[in-house]
Amino acid sequence: MIQTISLRDHPFDPYAELSAFTTQLKAERQLYGAESHFIGTMRNFNEGAAVSTLWLEHYPGMTEGEIARIIEEERKNLGFGPALVIHRIGQVAPGEPIVVIALFSTHRRAALEGTQRIIERLKHEAPFWKKERTPQGDRWVESNTKG
Amino acid sequence: MIQTISLRDHPFDPYAELSAFTTQLKAERQLYGAESHFIGTMRNFNEGAAVSTLWLEHYPGMTEGEIARIIEEERKNLGFGPALVIHRIGQVAPGEPIVVIALFSTHRRAALEGTQRIIERLKHEAPFWKKERTPQGDRWVESNTKG
Amino acid sequence: MAIRIRYFASLRETMGRTSEDINPEGIATVADLWKVLDEGRPLPDRVLCAVNQEHATATTLVHDGDEVAFFPPVTGG
Amino acid sequence: MAIRIRYFASLRETMGRTSEDINPEGIATVADLWKVLDEGRPLPDRVLCAVNQEHATATTLVHDGDEVAFFPPVTGG
């Protein structure tokens, strides 16, 4: 099964990444009638404060392992095919994508539900930590919101 | 609210379309932390038969109107922002995208659920009809599957 | 009254026409209209309809100048 | 036994260190290990842990050569 999990310390173009991943599937692409994507982007506001930059810390090795485990468990449940997850690490500026998820499946349900479940689980299980730089100083984001 | 509903009688590159739509949002893009896409692509097999091409009939005027109505109702429910829907009409070859949906929202739930609901409703409410060309002859697709 | 009728997909092929303009008398609903078009037979469950490009049902009223469309279940997306 | 300890994010700042190698005696679980690291205090609810790069709990057993990490709730995505 073609699968890419990639942590990036520089900005990337999510549309070019999605296009390149699909190209990589070659003829296999035609097996999948459905393709679902999620892109999470850094806003310039969070909980009432202007945010100028974000610092994303992670746990090298475990972070990639957790993402792979989440994908594997959801693939077993839902039956989707190829999967792409890209996540930023290090310093991120407003407007830059933080996370991209893409799933391919024969029928739409597996890709759509898989995308929703993977972003939800990634936010609560994969070891990443955000620190925001605001005019009032730096602050660690204390928890992720549900939904 | 920036919104595009487009029926196309020629193949298109979904990633280039998504990228162009996002560019059109300009600075407004930074309001939306979440972006969700669905791409439906023509497979070369359906219900056990090889399919060589597809003919997509539609109801000019009503088709665009129904898609706009579905988006409007779901936006009222879920509160997402800009929306893009592209749908093919006429002759479609295997591997070509048939439908692209993209939604932007402040938080992830609106974009993710909206995408799922819009593709579901589009399949059951928007006036499109598929005719498949198979080695056994042409046949109208009789109904869409749930999920 | 003057009604513009349109047929789509397999129903267009079955009826052998894409559209027609008719001037029926004494009809109130989509169901009444169908009987005029199909030699007195009732509107089949599997035939869907729209009045002025909005989804309608057998009991939807039709008026002078309306566009009424008949079609099979939709299969887009 | 030899244990490699790692701290992340706000906890790394609170503890004032990124990692340490220790050789504790008479400990069985992650909770026991934390007491050694934090002057006898119990593992707070808000501190999460992993053993050998997999999520763990206070009652997870630790063994010679393990890597044990402590961190606050995760906030990626």
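Lettered A, B, C and D in written order, each chain numbered from 1.
To be clear about the criterion, contacts are C-beta pairs under 8 Å (C-beta built on N, C-alpha and C of every residue); 3 or more make two chains touch, one makes a residue touch a chain.
Just so it is clear, the structure is predicted and the values come from calculations on it, not from any experiment.
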Item to check | Euclidean distance of C-alpha centroids - subunit A vs subunit B, Å | outcome: 23
Item to check | Length of the line joining the C-alpha centres of subunit B and subunit C, rounded to whole Å | outcome: 27
Item to check | Inter-chain centre distance, subunit B versus subunit D - centres from mean C-alpha coordinates, in Å | outcome: 48
Item to check | Touching two or more other chains - residue numbers and ranges from subunit B | outcome: 40, 119
Checklist entry - Among the residues of subunit D, which ones contact at least 2 other chains? => result none
Item to check | Chain contact topology (line, ring, star, complete or other) | outcome: line
Checklist entry - Who touches whom among the chains? => result A-B, A-D, B-C
Checklist entry - Residues of subunit A touching subunit B in their complex? => result 13, 15-16, 18-19, 22, 29-44, 94-95, 106-109, 111-113, 115-116, 119, 145, 147
Item to check | Residues of subunit D defined as touching subunit A within the complex | outcome: 6, 8-10, 50, 53-55, 69, 71-77
Item to check | Complex contacts: residues of subunit B adjacent to subunit C | outcome: 40, 56-59, 61-62, 65-66, 87, 98-99, 119, 122-131, 140-144
